[in-house]
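The following pair of complexes shares a single chain, chain A, combined with chain B in the former and chain C in the latter.
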Partner chain A sequence: MRAPVGVWATEAEQRPRATDGRAPDVFSRDGHVPMRQFEDGEDVDFAIVGTGCGGGVLAAKLAEAGLSVVAFDAGPFWRPLADFASDEREQDKVYWLDERLSDGDDPIELGSNNSGRCVGGSTVHFQMVALRFRPEWFAARSRLGYAVDWPVDWRTMWRYYAEVEDALKISGPVSYPWGPDRGRYPYRAHEVNAAGLVLARGAEALGVPWAATPLATVSAPRGKSPPCVYRGFCKIGCSTNAKQSVLVTYIPRALAAGAEIRDLAMVGRIESAGDGRVTGVHYHRDGQWRFQRARNVVVSGYSIETPRLLLNSATDRFPDGLANGSGTVGRYLMVHSNHAVWARFEEEIRWYKGPPSMAVCEHWNYVDDHPTKDFDGGYAFMSQGPLPVDFAKALVSNTGTFGTALRNRMAEYNHMAGLKIVGETMPQAENRVTLDEETDALGLRRARVTFSYADNDKRLFRHSLGFMKRMIEAAGGFDAYETSSTAHLMGGCRMGHSPEDSVTDADGRTWDVPNLWICDGSLMPTAGGVNPSMTILANAARIADRMKALAARGELAARHA
Partner chain B sequence: MSETFLAPYPDYDVLAKWDTPSWNEQTREVMAHRLREVPGRRFFDEEEWAVLVAVCERVVPQPERAEPVPIAPWIDAALFEGRGTGTHFATLPSGPEAWRRGLESIDREARARHGCGFAALDATRRDDILEAVDAGDVDAAIWRDLPARTFFRHLLLEQIVALYYVHPDAQSEIGFGGPASPRGYVRLGPDRLDEWEAPAAAKRP
Partner chain C sequence: MSEGRLVQRRVAGRGPVRSMNSRVTGRSHAAASAARWDTAIGSVGAALIVGLVTAVVAGRAMRRPIDRLPADRAALKVRDGAAILGASVLADSAMEHLRGGFYNPAMFAAPVTAAAVLSASVAEPDPRERTFAHGAHAAGAAVGATGLAFHLYDVGRRPGGASWQNFFYAAPIGAPGALLLAGLFGLASERIVAIEHLERHPRERLRIARLLAACSGLALLFESAEVALLHFRGAFHDPAMWLPVTVPPAAGLALLHHAARPSLHRDRLARLLTGTTGILGVVGTGFHVYGVGRHMGGWRNWRQNVLAGPPTPAPSSFWGLALIGLASLDLLAAEGLPR
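Here is the complex of A and B:
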């Protein structure tokens, strides 16, 4: 369908690997594991679109409960040990590089900035920062006076955070300075690298707490995953399997429990019947369009592709797209502001060693009343370790530096350190995904992504820049400069309390179509000031249990009800 | 921009680790392709190509190298192969069109100011034009609705540095560890080095 991006293992980008009753063994260089397969005409309990934090978890937990599951992913099924190189350009192959239109007052960068395209989804490239929401954020409106409340209680989420932290064997500190008790992390924290120690030194100088970042890469052996060797290429795919991505955790579980994974399978349309229920998905694989029948369809394509698929599945009965009676599909899209302060240091930091963010400060997520706090919501910030291209792109796009001056700035790479926020943005109806007139290679209308910061968002990142500059200078940094960018995607099909202003109920079931579900980051009603992956995973684990309970009570269109 | 490059790690070469545990088979394959199979011009026409090469020479000047790190061929190849970045900023035309129009505008800007094409200008005049493009201080009749700074920073500069800093010579010059798998690092603290890293640089001014 499209030219391979990489030069190595291009066959994974050109031909499906999960076929003939077997799927790639992700812990091998060229081996397989057995895989159950279903006929297109077989009415499976669940067709799941996407295999990342949402779909991967669901596929495993539902299959383990004896339900029949086929999970589709538009991208390849990698074997990291054999397929992943230590090379920033080659590894572009893990990202969603098909063009999406980006507009608004503050158009966001997509692609490698926030969008994965492979089995395992964005966890294949995530930087493994494993944080929990602050409990009050689940009731942001009633407890803190901004945005909206989640339809889920924080204590419920707390239990599921523990479940997914155990599933990914998070390596974290003995005690975490912020929020209620969270028990012990399954694995011990990693040694903090020099870049992280800059944050630690600065935090101590300013009198705020810091912590070794809880990370989804193991600090000791786990099954076939070796401990992290601190190679530092985490953001472009881990080639040792130390990283506990969905690809090496939930996907093997799903396969072992009898789920089928279909790689290189782009779902283009959800079919709905005259009674308003959905009947399956049209998907493109191996050069042809096919149709998989299903009793339930779950969309887990993340904040751009999930609304895009719902909108592209419009019918006469649902002219504005499936599950869009409220007009909310695609709306309330959020990012994290990702502003940073960088500085030079006398000593060599060599931030390329180890995971990029080994130290974290959540101080401003937990302070509500402070004379300088002129914004709602919060932000965490972390130490940094960008690879050369990543660092150079931030430098040139923010400063316009070129020529010998650019080479000299880049030659300070080993003396640099940085602090960068994950800053909450407000849910705004006008920040949204719509369909562009232009179509992609499969004839599917492309996504148009519209984003503008709210005034509150700007106050928040300005506050962070001032605080981080003080901190990095207190740590001994000089020649400080700032950059701006965004990270992560949240919302776009939010869950809520009412069909008037949300797409699904608390179970991820769409208000309009009883056997159509959503399970991914697009459900998030607010963004919080932490990396979203653990929240998406925990929410998916919770939704899986709700689906199992509903199935047991006969309230789900499932064979095993 | 007459300063000289200071080369903090003059004796370090990431390629020296080719046959060590820092490099795996797939990385060697990828790097061999990059070093040995530099593609020819297929996307741009001769005029556009000349401008692109002249721009690359000023964005990353490499006067000390007999064989400069090739950049323009890979930009051409990506456009020829239709390789996207995932983002199409609505203020710009699509990738291939934005590149053609941006380079043409730079060249026309040179002709308007100096009466000859960008590639025929000396280094100082080329730099002046690039600085003007970055500042948006350009002839609106030439650039029309193409936003000069967005094109310059988000397409041109970002793609050039993305191709330069994946080359071993560029990684060596900044003292980056280079490819690292299966072997990573042991010593993580400040001023701590494993023996397979670049020796500590001389103190910078």
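Here is the complex of A and C:
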């Protein structure tokens, strides 16, 4: 007899599951897979802090190369089949909801679409939109004249995009209308839902291309993942495992290759020795602080927790925090503006069906010279499918609608469609993560996040609102209105060409500490106008190969060098 | 600078939400027993389809157990093939059009006509024109041809027009072709029976035999193209998915080659490949039954999965086409083959 969904979920948040030589089998409701374990005193090759797009990929690829790896995650180790419910409030459990302080001219709302707190990281609740950067963005300064260049060539990234797209069996269109050839997506695109067809009709009316969105949810069976059932709860956690999150792709690979995953293990401080090298991490698990020795430490905690950990690891030798000789740690934090236009339609749309964003238009990512284009950078926009609570919240906070008026608006839910951007923002030194005096339950200083839009950012989203309003009306929408929000985080510990204005080199190795690395979205020097997950994954896959190459040449402290 | 304090605290009262949620999504005892009942029904449903086809063939085998002339036997085999095609279309169009909610009343035409073709093909061949069987076969061909046009129209009217996306997910462009073929081969069987009256016209008999071989070869190529499109949509995620896009087209080409220049050598090759194609039609049904089980909830959730998963009735159409191909080989062999 099967237990109801959610019976074990609470336990996952209270006691570590990856213990006693076994870890949860994510493809079962209550099973396990064997897991290699290391002693705290054992000097492992890599201690990785975080198991999402950065840490998850690294853990798998490094363990597969024979290196000893322990990966920590502050959150639980879910089994989606048993632990995820079709309930928006219940699924708040997949977000990083620890208190943070948010200020600046345009304080960011933190906690849902820009954080994750579980094994697999934000990919457990991401919308699965699997887009590549436009090649020119890797050389934004020299090719397009804004922001900075990445220390990586786009052709290298192109190869790693292909690698991670195959690892996640991305379901994408046979031909993609923008950018250079990207080969064939491993799986075919899904059937576009009615909300996506609104974008398609509008795009055809305005004469711009559109495409079925490449998505990280399978359109045909893959191993133990069944094909997507178009349940529509993707962004609060997929309960069928059709979603190819890091939790069901790289994490099982990492475990099979001999990596240890420690769930409910919050790393609070990185220890460094007198010689300036790091020696391991202090982490809190099962009610006590412990110390794991490691030859190398990789921080993969994303744009807020990564700088927070480095800043919280200050010593006399590094008074401003680890790897912060340039003062860049925490700086150049970016978001994506997430402005949207919504409209009513005569016909029924039922936009909750299927993944939320099934059609995409990247037109304004690839147009440079157009009389109306008064901004640097670009934006993609996608069709939308918010769940009811999410949509009601957006209505209340953006339009102030309440009471009977709100009820009437919600009654139109099945006739609504929307278009929402992923808008590039400029890297600004003053947008940053710092430490507040206030401490959390573990005595760690909380992060303070400061964010203000630049003028260019505002011109960009104003442009997008005008264009999307025209498009949605061309598709037959009426009573259009606008909302604003943000999504994703990028930067905060950017990689770069020199120690003066960046935290790491192209390999993610910090300029100041030779055995301290960063591998996550905080490395991104620019934000680009697409969802960042594939770029973070590809960059992590690239960094893993660099680490393996360095280890093989003896330029990295590892036993198997 | 304004200092917002947009913080996230755990929402109080999550406990009750969770327990309520457990009740909502939990599976009750009644639901669990219903699931087992579903499993039985699911198997019955699958068995019905296989049983239907088997019964028809068995019935055919019992048809007038007298010595028949070669052309007569070939005509019966063609009709068996047409009947299997008809049964395949009947089940497939009924399921797929149900999936489409019979959105347009014209969608009823496909399963109804397919049923008529099926029964017409089971009937004893009769060279006369004013029979029910003749009318039903002709109607099958006409509805199949109209269906092709209709499905093409459905592809064209969607955003994106003639794009991969619409060929994958709009009305399947080749599917009504199976009904057209069932009707046409049914009509052909009547013609083959009439061969007996052409005893003194060996050239005409040879011409008909070669035409049938060529047509069955083309039909196999046509059907393989449809399978290739849909298996490409499934990203050939299982290596077995390559079988029906390699063996049947090879059989189709072998039949065409043999039709163009009949020889004993080419007969053997065509017979081997066409026979294998027929076996694949049966094996493929098993693969599709397995494929349905790989969808969320497996066969327990058959109500959704038989519609969302690979079409279980589809592969048997290769069995039907293979029988027709083999019949054409028999006819050609009866005329005598050069080495």
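Throughout what follows, the second predicted complex is superposed on the first by the 553 of 561 C-alpha atoms of A that agree within 3 Å, B and C clash if a C-alpha of one lies under 4 Å from a C-alpha of the other, contacts with A are read in each partner's own complex, and residues count from 1 in each chain.
Everything below uses one rule, namely that contacts are C-beta pairs under 8 Å (C-beta built on N, C-alpha and C of every residue); 3 or more make two chains touch, one makes a residue touch a chain.
Quantities reported herein were computed from a predicted structural model and do not represent experimental measurements.
Colleague: Answer with first, second, both or neither: which of chain B and chain C does A:E204 touch in the superposed model?
Modeller: A:E204: touches chain C, not chain B.
Colleague: For A:E191 in the superposed arrangement: first (chain B), second (chain C), both or neither?
Modeller: So A:E191 meets both chain B and chain C here.
Colleague: Looking at the overlay, what does A:R141 touch: chain B (first), chain C (second), both, or neither?
Modeller: Touch partners of A:R141: none, neither chain B nor chain C.
Colleague: Just to be sure I read the superposition right, which of the two partners does A:R155 touch: chain B = first, chain C = second, or both, or neither?
Modeller: Neither chain B nor chain C is touched by A:R155.
Colleague: Thinking of the overlay built on chain A, is A:S219 touched by chain B (first), by chain C (second), by both, or by neither?
Modeller: So A:S219 only meets chain C here.
Colleague: Would you check which partner chain A:R317 touches, where first means chain B only, second means chain C only, and both and neither mean what they say?
Modeller: neither
Colleague: Looking at A:A411, would you say it contacts chain B, chain C, both, or neither? Reply first, second, both or neither.
Modeller: Only chain B is touched by A:A411; chain C is not.
Colleague: Which partner chains sit in contact with A:D87 here, chain B, chain C, both or neither? Use first/second/both/neither.
Modeller: both
Colleague: A:Y95 contacts which: chain B (first), chain C (second), both, neither?
Modeller: After superposing on A, A:Y95 lies in contact with both chain B and chain C.
Colleague: Which of the two, chain B or chain C, is in touch with more residues of chain A?
Modeller: B
Colleague: Using the superposition on A, tell me which residues of chain A are in contact with chain B and, in the other complex, with chain C.
Modeller: In the superposed arrangement, which is not itself an observed complex, chain A uses residues 2, 5-7, 9, 85-87, 89-90, 92, 95-103, 107-111, 191-192, 197, 229, 240 for both chain B and chain C.
Colleague: Of all residues in chain A, which touch chain B in the complex?
Modeller: Interface residues on the chain A side: 2-3, 5-9, 82-90, 92, 95-103, 107-113, 115, 191-194, 197, 228-233, 239-240, 345, 347-350, 352-354, 387-389, 392-393, 395-397, 400, 402-408, 410-415, 448.
Colleague: Can you list the residues on chain B that touch chain A in the complex?
Modeller: 1-8, 23-24, 26-27, 29-31, 33-34, 58-61, 81-91, 94-95, 127, 130, 134, 149, 152-154, 157-158, 161-166, 170-171, 173-193, 197-198, 200-201, 204
Colleague: Give every residue of chain C touching chain A within the complex, in rising order.
Modeller: 1-11, 14, 17-18, 21-27, 32, 158-160, 164-165, 168-169, 232-235, 237-238, 291, 294-296, 304, 308
Colleague: Could you pull out which chain A residues touch chain C in their complex?
Modeller: 1-2, 4-7, 9-10, 85-87, 89-90, 92-93, 95-105, 107-111, 169, 173-175, 186-189, 191-192, 197, 200-201, 204, 210, 212, 219-222, 226-227, 229, 240, 242
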